[in-house]
Amino acid sequence: MLAELRGLNEECGVFGVWNHPSAAQMSYYALHSLQHRGQEGSGIVVTTGDSLQARKGLGLVTEVFTAKCMEKLQGTGAIGHVRYSVGGTNGYENVQPLLFRSQTGGIAIAHNGNLTNSLELRVMLENEGSIFQTDADAEVLAHLIKRGGNTPLPERIKWALTQLEGAYAFVLLTETELYVALDPYGLRPLSLGKLGDAWVVASETCAFDLIGATYEREVYPGEFLTIKDTGLSSEFVAKKASRALCAMEYVYFSRPDSNLRGKNVHTARKKLGKALAQEHPIEADVVTGVPDSSLSAAIGYAEASGLPYELGLIKSRYVGRTFIEPSQSLREQGVKLKLSAVQGVVKGKRVIMVDDSFVRGTTSTRITRMLKEAGATEVHVLIASPPIKYPCYYGMDTLSASELVAANYDLKEMREMIGADSLRFLSVDKLQEVLGSPNSRDDHGLCLACFTGNYPIKGDDHV
Amino acid sequence: MLAELRGLNEECGVFGVWNHPSAAQMSYYALHSLQHRGQEGSGIVVTTGDSLQARKGLGLVTEVFTAKCMEKLQGTGAIGHVRYSVGGTNGYENVQPLLFRSQTGGIAIAHNGNLTNSLELRVMLENEGSIFQTDADAEVLAHLIKRGGNTPLPERIKWALTQLEGAYAFVLLTETELYVALDPYGLRPLSLGKLGDAWVVASETCAFDLIGATYEREVYPGEFLTIKDTGLSSEFVAKKASRALCAMEYVYFSRPDSNLRGKNVHTARKKLGKALAQEHPIEADVVTGVPDSSLSAAIGYAEASGLPYELGLIKSRYVGRTFIEPSQSLREQGVKLKLSAVQGVVKGKRVIMVDDSFVRGTTSTRITRMLKEAGATEVHVLIASPPIKYPCYYGMDTLSASELVAANYDLKEMREMIGADSLRFLSVDKLQEVLGSPNSRDDHGLCLACFTGNYPIKGDDHV
Amino acid sequence: MLAELRGLNEECGVFGVWNHPSAAQMSYYALHSLQHRGQEGSGIVVTTGDSLQARKGLGLVTEVFTAKCMEKLQGTGAIGHVRYSVGGTNGYENVQPLLFRSQTGGIAIAHNGNLTNSLELRVMLENEGSIFQTDADAEVLAHLIKRGGNTPLPERIKWALTQLEGAYAFVLLTETELYVALDPYGLRPLSLGKLGDAWVVASETCAFDLIGATYEREVYPGEFLTIKDTGLSSEFVAKKASRALCAMEYVYFSRPDSNLRGKNVHTARKKLGKALAQEHPIEADVVTGVPDSSLSAAIGYAEASGLPYELGLIKSRYVGRTFIEPSQSLREQGVKLKLSAVQGVVKGKRVIMVDDSFVRGTTSTRITRMLKEAGATEVHVLIASPPIKYPCYYGMDTLSASELVAANYDLKEMREMIGADSLRFLSVDKLQEVLGSPNSRDDHGLCLACFTGNYPIKGDDHV
Amino acid sequence: MLAELRGLNEECGVFGVWNHPSAAQMSYYALHSLQHRGQEGSGIVVTTGDSLQARKGLGLVTEVFTAKCMEKLQGTGAIGHVRYSVGGTNGYENVQPLLFRSQTGGIAIAHNGNLTNSLELRVMLENEGSIFQTDADAEVLAHLIKRGGNTPLPERIKWALTQLEGAYAFVLLTETELYVALDPYGLRPLSLGKLGDAWVVASETCAFDLIGATYEREVYPGEFLTIKDTGLSSEFVAKKASRALCAMEYVYFSRPDSNLRGKNVHTARKKLGKALAQEHPIEADVVTGVPDSSLSAAIGYAEASGLPYELGLIKSRYVGRTFIEPSQSLREQGVKLKLSAVQGVVKGKRVIMVDDSFVRGTTSTRITRMLKEAGATEVHVLIASPPIKYPCYYGMDTLSASELVAANYDLKEMREMIGADSLRFLSVDKLQEVLGSPNSRDDHGLCLACFTGNYPIKGDDHV
């Protein structure tokens, strides 16, 4: 599914490294590999042991960091962040890591996820004298840490974490320590690795591959890691709940070369495609996927169905932010950008178009029309996940319930809406068969709230 | 195969449009869809009927043309060009179309291909008083046209074309006409289409799809088209030779959604992959391709062999020109960019890695090592075309014979060089079975010179 | 004197406007006219009545604000700031106005000056739970305001101001009010004007001239202005001390077309030059000044002495930040930038070179050598102010005492150091005659601390 | 006078250097010092001895040349050019030096001036087979040189020069020689200097000062210099006419620190101001000049009249090309940019406003109004040169006769038009007294055609 065409935004990415001679460079390459999780802005904070240096900016990693500014970021510990696009005039302020300096030292914080009680916490903190310069949950955490009084910093951080509700994967950096924290449900992914003598953490394992690090394990739900020159130590801040990893990380967000809890994402998606073929066998000539996130599922569908897999849709490689959009009249004349149907492949064919997920239906509508205009005789839209019917409060920027098509229309209405000859979804049961259920014991539990409305955190169904 | 890693450059692209109210806009979108053929620079010249306006620059189409400069390019006829990277300090001068102004009117010229007698022509023209400001073959044509004396312009162009040897697809624009010319062997692709009442020509049909134009036919070898307000007329400048379209356009250069002489490129590549599977069945676990140009062949191989097709290699989407390259020491520490092997897919597997073509072997060497480091137990490299043994004089920027690996080593040596468990090529015979032979009568002849050394133009084997 | 060549940085500038339909535009032009006070960064915050919108950035006003971003800054009240260069990797955070948002509304703050107790305040505030993201004194004020508890905002601001020591000219903006505050000594300049129905405040009156506003009066020392839709009201937060305006505003910082307390800066400088001629008549052929800040004094010296005033030194107009600096070897070969001596004017002449002030002596040394190389037979350096011997704690970024040449060397040593035939300074007495003394009753008192060591605020001599 | 406000454009600048280890760097700094002669574009061509390397671009010298591109320009001989603004979409093509390559070597050409027979030459050359890619006279010269046939290059250049009519200062560079040519009347300035063992030529001597070169002499009218490793040789292509240097170079174009034929420009302008005071003594309070070009004349007027010289007008330093222009309504509200009157100086005063020249009267009108709005009781406009009544064909981009105010209105009408209390011009006689007459024998002849209509080249009054 094309991110541009729907209300499903990517989810930020965090990275941390400790005890590496090129900590900032490693962060740069790692953020680059996490760039699909956020393109609005990025930042790196590095510690020299004595002080924290930051570089942040709006734009892609390659735009924010020049060779010159990288030279200034010297140190052996660092954290970094990529941020997804939210618009607004105040963009820069919200670029993370946020950096707070005090007479006794600084602290930098980067966050992936979404707190469900941030507004309550802000009101409480403002009443107690806090003032806020950003909209970031990371600033809420910083104020809570400060509220912890005169106890040592790690104690204050742990206390602050107990005040939070919702989803979070935090990395925090001081002059002399790297801290890592994951929420009690492990809603967002976070992996731990080794790079020579250095420890690394990242939202996705593809960051490890790029910098040549080896995967050690997932960070556990509720875990709090302290990493410093004397080594790594682990504690649990909240009682360990069953993990409830966001299923959409498998379905859409993560890169196909990442592993989530040891499962390769491409392979998982391919299995979803195969399961889709078992649930919904369809008589057709070719199978095609929507680049890039649906290709794995389409390959799986084709393999299981025995139908040929084809490149029926091509995504343009050179459309950038500076592209001059065609005017309305040009668009009506047929000027198509970003994605085009391959006539030579679909003309005269019955086409199965596999997409990874279904939010507003806009992509499906456009692609179905495109394929028909290119000569497809039938277009069958098959979605390799269940319909999204419930809003997400844990960091996935879906629409509100009123905008979620599947929350408001039945299958027949949706099929008519998109103009396809058929529309089918993978069932929740099949999805669980492939990816694991919310109740898995062995750390493989999932959050399926957007499909089922069963939120892992009690009370969130009333938010 | 990754263009960055080898001596095989893309081949420029041309576009022309006549009688369209948004001629420059159409050129902009068309050049955008042809961008894979050249990223160094691009230009558009438009005619208002009275005068020619140009905009050219170094960089991507999106960088050269701003909304502001597009507003100035008003007119109903236009030509455009994208140019591939050749480096050098004098880049701008060589960006096309070249524009020549005289007291009696101007002429703009854009060229795809390579003349084999351009040096002789330059010496002759210089002896007769011509001076040159660029290295472009288009400037040679301009001087020849001027040498034609006082006869009408179309006559002078046609005479000038008869002086040329080698490969060319030209578009020429004056205040009141669009001319199109293809060399007698049709070595480079050039298609004719309609967009409402407008005529369009483009190096590839994907440009037509983007702007909503319909394909009419190929421009014929040796054909000379005159397009003006009274309509289109066709002549043949040289006696019509059998077409000898560059086989590498199918194998590597063209976009998978383009059709060449009615054959879809993706489909052709997939057939090459299937043929490869027939010629070289291999016992293995997974099939993977090198993004982006080899994916079709890999899918074909998988389909024919019954082995699963997997995304074993991932290309980074966000590596741009401003990327900070890892230092040698970082590279040795394992920092990988642009392309990475997917451990979750290849670990413990016997991998068939399909690539489209084989020039210097550098890509194959790197990818083989990458796959083995990611845990592949065997790596079999299968190339969906024959080895390139002979230099190209017709516009494909291959290396000289001494640098072409296959011209200097035998199969065993090459396999050892790249470190693969096996290395196999598609045979010339199988390639001809799929794509057509040099001797095809029905306009489907191919140039296979880089594989066979049989150059379609007599004498070029002695160049 | 050339700012680039010495440790004397310009001093920020602030602007505020209320009740103008183009509040942001007026701020843009005003900041442009205050640009000489700071080139590192600038920002504007505007209120729509309901919410605050900000735009800030590093660079010149013309670089930070594009036509597109100005369109978004709609509202009838605004404040703006230009910031002088301090370097550092964390530049953006310190660009003002700072903007603080809370559930009950926002507040934006811009500051010119320097608090002498900011470190104590930070320590105290941190102990009470505040966390800091910037180095700006404006953030200290914001936290103090928050500490004021539940009393109405104006009360809290006034209480916060009573906690501050040192120099400040503040503008503060909420959704519905503009507040203005000047420290009890009026160390930094701040003027009030009218623009139609709108109120405006600015660090210098040149901002009023540019936007067509009329000057009303100076803001008084210790004054606190509240400006809202119901009009302007004035209060005094501290008991009104005698004004002690920074003498260097006349000597160096302010633009020659600004008026400080009704006195035109060019005219004041010219008078300083005349006084210098009276104190130090010298037999010579020509008088010249160092562009741009010393020209007025040089003109005054020439007029009083009867010697011809000449353009003996030329400043380059096109040297920008992107200029490629000559290498050391080129510099030794004689490549001169930014400033050059006019051979045709000084050759064979006895030259009086008037400069406005004397900090490190670097400029004088370079210019004396330049003039001699250009053929001057004698170079007499005359400084139109007394030697700077004491550090400033009120916002002028002078060097520490150990770096101030005049604090460490006597006149003869300094003359030898710069290689001039003579070196003379205006006396403190003459300066007071022209500009007013520290003890003036009629609001014309000056701070002469950097010349005399008599700091207006008790205790600052022990800082 | 402000260039922005009138039809009087600056006139390009050329530079050449031979036998210097940092030839390109010297060109860079020299072009920088000549930047006032042209801001649209600039270029440098350097020879390594074997080949020519070029770098050109639109924009200021600092924008065109980066540190990186300067590194590539290695060689010991170079020429450079700055070009004034003419607009047009085809800007780049006209940026000089033009570079022509042939199989036997290249030639680069840069030009300052204007040929009066370029159109005839183009028609002739086109008839003989030449084709043109630019509007530059330099391209005409290149074609003429090529027409010279098989004779050695210097002979061909000399023959080509004899075909030219009008004004030119040419520098030409081949792999092994630097050629310099000045038209038979020496209409444009061109000086010769030494820099260690290297020869340098430049449009103005300020370029010599910046790079530490020493002035040798003027290039003579009609002179042709050949500079190569064996030394410099001089010839005269045309019989030596009396020099007729453009008087406007003294009045307006050249930098005040340049010397023209040994006369310092600032000093000459000051003398013009003194002469103006003698011709037109006026009872007033202050004298002020229009920055920057009129300041010298104003200083001279003040000195001769005994009236005080004041900074009554201030030019903004930070208005750049990216400045957001005030809308018409804002302009009517009084927003003033670029130039402002200093109220503190002119209020209640009778002001003499000295300007260097008078073309369209727009500047005078605006400034007079500005001064009156700032409180001046009388404004007397005194122009330090005669009225411009005739068009220039030699490179000064004045308006056509119909647009030259002084060609169409009498003194009284012009005074009323600009709203001044009086308007006076320096007489042609006084100008000649100061600067020299058209008939000077001693190489000090002037072209006064724009004042008198007496064109030095016979027949140009009928152009």
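We call the chains A, B, C and D, going by the order they appear; numbering starts again at 1 in every chain.
Going forward, a contact is a pair of C-beta atoms (placed from the backbone, for glycine too) under 8 Å apart; a residue touches a chain by one contact, two chains touch by 3 or more.
Quick caveat, the model's predicted, so the values are computed rather than measured.
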| item | value |
| --- | --- |
| Chain whose Cα centroid lies at the greatest distance from that of chain C | B |
| Chain centre separation in whole Å, for chain C relative to chain A (CA means) | 48 |
| Approximate Å spacing (C-alpha centroids) for the pair chain B, chain C | 60 |
| For chain C paired with chain D, centre-to-centre distance based on mean C-alpha positions, whole Å | 37 |
| Chain B, residues touching no fewer than two other chains | none |
| Pairwise chain contacts, counting only pairs that touch as defined | A-B, A-C, B-D, C-D |
| Interface residues, chain D side, partner chain B - complex | 53-56, 69, 72-73, 89-90, 92-93, 98-104, 119, 122-123, 126, 128-133, 135, 142-143, 146-147 |
| Parts of chain C lying in touch with chain D, wherever the complex brings them together | 22, 25, 28-29, 32-33, 35-36, 39, 60-63, 65-67, 70, 196, 206, 209-213, 255-257, 259, 263-267, 270, 292, 295-296, 299, 303, 308-311, 314, 316-320, 322-324, 326, 330, 333-337, 340-345, 374 |
